[in-house]
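Quick one: this structure, given as structure tokens, is what I'll be asking you about.
Each chain carries a letter (A, B, C and D) given by its place in the written order, and its residues are counted from 1.
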Amino acid sequence: MIYRETGVHHTTYRTDMALFRVPLARWSVAGLLVVAVVIPFFATDYWFSAILIPFLTFTIATLGLNLMTGYAGQVSLGHAAFIAVGGYTATILLIYDIPFLAAVVLGGLMAALVGLVFGIPSARIKGLYLAMATLAAQFVLPWAISRVVPLVVPTGLAVAGGDTVYPPRPNLFGLEIDSLFERYFVSLAILVVMTVFAMNLVRTRVGRAWVAIRDHDVAAKILGVNITHYKLLAFAIGSFYAGVSGALMVFFYYGVAHVGEFNLDLSLKLLGAIIIGGLGSIIGSFFGTAFIILLPIFLNISLTFLGNAAGFQVSSGIIAGIENIVFGALVVVLLIVEPLGLAKFWQNVKDYFRLWPFSY
Amino acid sequence: MDFFLELFVNGLLTGVLYALIALGLVLIYKASSVLNLAVGEMALLASFVVALAANFGAPSWLAILAGVVVMVAFGYFVERLAFRPLIGQPVISLIMATVGIALFLRGIYFILSNKWPVYLVDLGLPVDSLNLGPVSLLSSSVVGGLVALLLFGLVGYIYARTRTGLALRAVSDNQTVALSLGISIDHLWAVVWIGAGLVALVSGIVWGQRIGVQFGIAILGLKGLPVVFLGGLDSMVGALLAGIFIGVAENVVAGYLDPLIGGGTKEFLPFFIMLIALWVRPYGFFGREIIERV
Amino acid sequence: MAILEARDVHIAFGGVQALQGVDLTLNEGEILAVIGPNGAGKTTLMNCISGWYKPDKGRILLEGRDITGLPADKVAAAGIGRTFQNTAIFHGLTVLENIMVGAHLWMRSNFLSCMLYWNLAQKEEIEVREFAEEIIDFLEIEHIRRTPAGALPMGLRRRVELGRALAMRPKVLLLDEPMAGLNVEEKEDMARFVLDVNEEWGLPVILIEHDMGVVMDISDRVMVLDYGRKIAEGTPDEVRQNPKVINAYLGVQSEAV
Amino acid sequence: MRAKVLSLVLLFLLVAVAACARGQAPAPTPTQMAAGEPAEEASPTPKPPVESYVIGFSAYRTGPFGRTGTPFANGAVDMEKLVNLKGGVGGVPIDVMDIETGYETPRGVEAYERAKATGRMVAFIPLSTGTTYAVTPKAFEDKVVVLHTAYGISAAADGETFPYNFLAAPTYWSGDAAIIKWIQEQEGGSLKGKKIGILYLDIDYGRETLPLHEVLAPKLGYELLKYPIPWPGLEQSAVWTNIAERDKPDWLIWRLWGDSTPTALREAARVGYPMDRIVGTYWSPVAVDVLAFNPEKSVGVKHIEFVTPGTDFPVIQEILTELYDKGQGAGARDQVGMELYNRGVYNVGILVAGMQIALEEFGHPLDGEKLAWGLERVTPETLKKYGMGVADLAPEVTLSDKDHEGRGFVQVVEWDGTQFKPITDWISGFREEVDALVKQAAQKFKEENPELYQE
């Protein structure tokens, strides 16, 4: 957040090591939370369903991927498959009357377990070769889901062989989570908790070990870090986040578990989100999600808007084409201009204000 | 036996075409350690351009020439505008850049195909089915396979016998050393991207004959991935052999297993083979192992 | 009293016999320098000791306990800390965090408590922070504690690496060319730190170094490797006089000069 | 340089956000469009009571199915223009919000919400199974008609369970039942001992009719052979070798979609499987698939239709003369009259018919609930009267509050080298079995989603 260090002195390590060291940072985080709480009172249905809720749910997934890939350096091309595992598990558990929160957590745990299994090759291989092993997850898991789900779900939309499942409406301690407003707040609360967890992880022993492995695995091992253990932990935690976000996507965003949504495209998008947002940066995950998930929508709307303002009758196909071109070019330009991602750009802004107004 | 033979031969031909996609990946990886995820989109654009030109009544040679011009220009500009400024960036950023380029190419394809829908690369090649004894083949596949092998031979020759090839081998061995020997990396990257564009042109035409000019060609880029990982990211021979191996294996296994277990083996098998290969030989069967030094 | 012993270590890569029956003894509280021409097998010996290579033959004992063939992280846990010839700091971490990674070994909080930053985790983090600050004070790098390590010049990197190894609270410290690429002032600083580590912390040190002046000044004993064999061992003065050494190493150098 | 680029990006983002804050894409407003056109002059009504009626449309001219999505989208947009040229719905123009989604469900959901944000959306055309699944529960709440012609949720044929979902076209089950019926006729009335293969994409859509065949096969005595094709199905030679060398089925029913279809055609030609023994479902092989393989070699291949392809209909002719001759057509002229194009026309047409019927009863302003009421009164007669010519394309649709399918009549069409031509009248079959499946599936949906039925 905004950092103004001037005049701030810590007298104990305890305060110096707090999550937000500077009062202003604390205040701006609090301010942001207030905004997040106030927004829904003004948001329209469109903002809820098309922008806010997808942003919240996808961000959890990007956070997980960033822990796994950005911090621990384990590139995954199968994140969407882990999302699917979490979403389906949670849905099925909800059908079997498991309480909402437990279903979400168990969905995450199931995804973590599966992620762990696909993370095993990381003990021997790394980089692109490991990415390929996770790509296999993207092909194997949906297949497995479409075979297993019809066996477990007592009902199912299609009469036979159906892997599309509508979850029952979740309820939290007896209160039905129904309106967009409630969905927003539950997602927001879970995202905040997950974000705090992620921030705690990366500033402590675990996070340091991950970055150490990412930056120099030989040195990390020789310093006594059990590399295999921490790589697997990264897979498990990253997939856990994916699973939780999958559960929320199914419950609050799509309203249905449909295996077709969790495809390779989504995996690539999430990977793009963390690269563009900033590898190894929590706030980068937020920026990246906004860029990848929301920018195409913004582009589409504004191109249509501009086209009309200029008096052109443009077919939506042309607009979509331009949208793709602009988006693809933006990705490349951004990588050239700011290779460390939007988070670095943000950091520059912060640094500028660090000692403001006495920046000499 | 006939059954097996037919599966085998058809798998073989498909495999050569997989190898063709993989060749585009290997070329770029060898020179710059980038996994080019836009390889499918490049083929798509190439086949679309050729098909469009043919659709407008251009004779075959002119249509192909149009494709060559577009792909050379593409290779040159993409290196110039996107990859040269990215030199020195982490590999993952470079890969992401290829995803950006893929989106860019898709956009162009969408706009053009919306205006001029074309369906097929029609170069007047025979499309009849061919019967070699008990085995039925598509003549276009046979032609495609031969073209692919020819291309492999050509690229192999360039690598082995020409000055540029020598420089390319030097760069793939060690970039810094090659630089200090006065080899211009910029120049080589441009050559490689243009080369990859031309390989994409060939695979676009061949696949466009097989499955029509359609978005599916872009998806085919994925099929190249298990192939290169099995063969080793930096080995052309590996790409060829792994392509053939995967083509044959998936076809034969799917032919025998599908009726038994209810299908689905075909899209998986390459990835299963790849997973196992990654366990047994983490750097592919022809790839170079990365030895870590402290 | 020997704290670390290597007995008859052999290792070969392909056809190259990198080490052929090397013995090494490190006594408590001493600085042992290992010298030898390039390719003599010094770093290979370090890698064998720290568990990165598994010797083909021979044993390595730490305080009498056999640590041969243990994975590197277990060797580290047993009490061997080291630095690297080509610095291997973690670019993405700050100096402070780099040093705290060194403390990873003896930290006990698991990922769950880290996630919650609760109780044990917080207490331990603060404790490690205090310890890390001591090291930072000791190495005189307070001003860069929050700088990303990737942005540091070589001299500071070497210092950070030393700090990181110290944070492991090792029983033995292996320093692989800690002065390579440093200028004269930095070398002096580094030599002073090595001596302080040895005296104030009471740590036995194995030092690989090319700079003969430094070696002769600060080491208690010197061991000379050539072509994977030990050709001499003794006090600096003894080694200096040893004709084999002069021939194999100093001799070559003086001829070249 | 760096700062400049970044500020440009930021500026662009600002514009985007500003545009977004309006909550809707200001898609081509039909009022502007119709301005100055003859229709406007003819009707002296000073100001329409409502600005327009919005039909949300998740179109895809891009993405993996862009090739097949394009003619459909163009048909829908052209029909919108034609309807507005003719004065819209009781003087109110319709606004087909053609939002590109690339066949992605998140974008489809966004399109739904964007159209809803206008406050005037009466209907939504999802055009993808995933989007249909995702918007259906929303439609219950928003009371907006979701029109999914011959795709989406087959159980929605049960209008009592799905008050706002309309197929207005046969379900997959009706389609396959009709195919079996037709094959039975071709085989002289008996299927005993015949082998019928189903070549299907191994996803929900492909698998959907298997239960029907499992009921019908023992009853009629045919052997059911299953050929699943894994997604995306660009390489199928093993399956086809099996078909040709081992099983040799008498007929093949196709349930493919998109890029897998031309590949299947090519493989059929390779192994020499007779084209005239292939009968596809509504979505494969369509004209664009055949063109992507080889028009001459595909002669005889068939699929079933719920609208008649071709240009020999007044409504299509009007589109050609009023729009394409004046250079205002949405797409390529040679795609007009393709079955996918005509389906787009039909989609908008049937909604307009429903609106006109509702208008007679309620007057302006209309909403989704009134539109649903109107659609439930679509019969061949009312469609003729209100459907602006689409009755010619699909003459046998009869909807009611119980039946949102419309009796499930299909037509078998055959490729003659240049286009698909109908070779049968409107047929249907095995209604009892199909109805049982619909009932069963609808019941399951009801049990799974009790909260949609509270009140």
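Convention: a contact is a pair of C-beta atoms (placed from the backbone, for glycine too) under 8 Å apart; a residue touches a chain by one contact, two chains touch by 3 or more.
In this text, all values refer to a predicted model and were calculated from it rather than measured experimentally.
Undergrad: Averaging each chain's C-alpha atoms to get its centre, pick out the one most distant from chain C.
TA: D
Undergrad: Just to be sure I understand: the centre of a chain is the mean of its C-alpha atoms, right? Then which chain's centre is nearest the mean of all of them?
TA: Closest chain centre to the overall C-alpha centroid: A.
Undergrad: If you tally contacting C-beta pairs, which comes out ahead, A-B or A-D? Let me know.
TA: So, comparing the two chain pairs, more contacts are at A-D.
Undergrad: Chain B to chain D: how many Å between their CA centres?
TA: Measuring from centre to centre gives 36 Å for this pair.
Undergrad: Averaging only over C-alpha atoms, locate the centres of chain A and chain B and give their separation in whole Å.
TA: Comparing mean C-alpha positions, chain B is 32 Å from chain A.
Undergrad: With centres defined as the mean C-alpha position, give me the chain C-chain D separation in Å.
TA: The separation of the two C-alpha centroids amounts to 72 Å.
Undergrad: Could you list the positions in chain D whose residues touch two or more of the other chains?
TA: Counting only residues that touch two or more other chains, chain D contributes 61-62, 66, 70, 202, 230, 331.
Undergrad: Enumerate the residues of chain B that touch no fewer than two other chains.
TA: If we look for residues of chain B contacting two or more partner chains, we find 106, 110, 114, 264, 267-268, 294.
Undergrad: Scan chain A for residues touching two or more other chains and write them down.
TA: Where chain A meets two or more other chains at a single residue, that happens at 143, 218, 222, 315, 317, 320-321, 323-324, 330.
Undergrad: Which of the residues in chain B come into contact with chain A in the complex?
TA: Chain B reaches chain A through residues 35, 37, 81-82, 85-86, 89-93, 96-97, 99-111, 114, 222, 225-226, 229, 233, 264, 267-268, 271-272, 274-275, 278-279, 282-283, 292, 294.
Undergrad: Give the list of chain B residues in touch with chain D in this complex.
TA: Checking each residue of chain B against chain D gives 2-3, 6-7, 10-11, 14, 106, 110, 113-117, 119-120, 127, 129, 136-138, 210-216, 219-220, 223, 250-252, 254-255, 258-259, 262-268.
Undergrad: Looking at the complex, which residues from chain C come into contact with chain A?
TA: Interface residues on the chain C side: 50-52, 71-73, 75-77, 81-82, 84, 88-93, 97, 100-102, 104-105, 107, 109, 111, 114-117, 121-122, 124-126, 129-130, 133, 164-165, 168.
Undergrad: If we count contacts the way the header does, which residues on chain A are in touch with chain C in the complex?
TA: 13-14, 16-17, 19, 197, 200-201, 203-209, 211-212, 214-216, 218-227, 233, 237, 280
Undergrad: Hey, which residues of chain A end up touching chain D in the complex?
TA: Residues 44-47, 49-51, 54, 95, 143, 146, 155-166, 168-169, 176, 178, 253-256, 258-261, 265, 293, 295-302, 304-306, 308, 313, 315-317, 319-321, 323-324, 330, 333-334, 337-338, 345.
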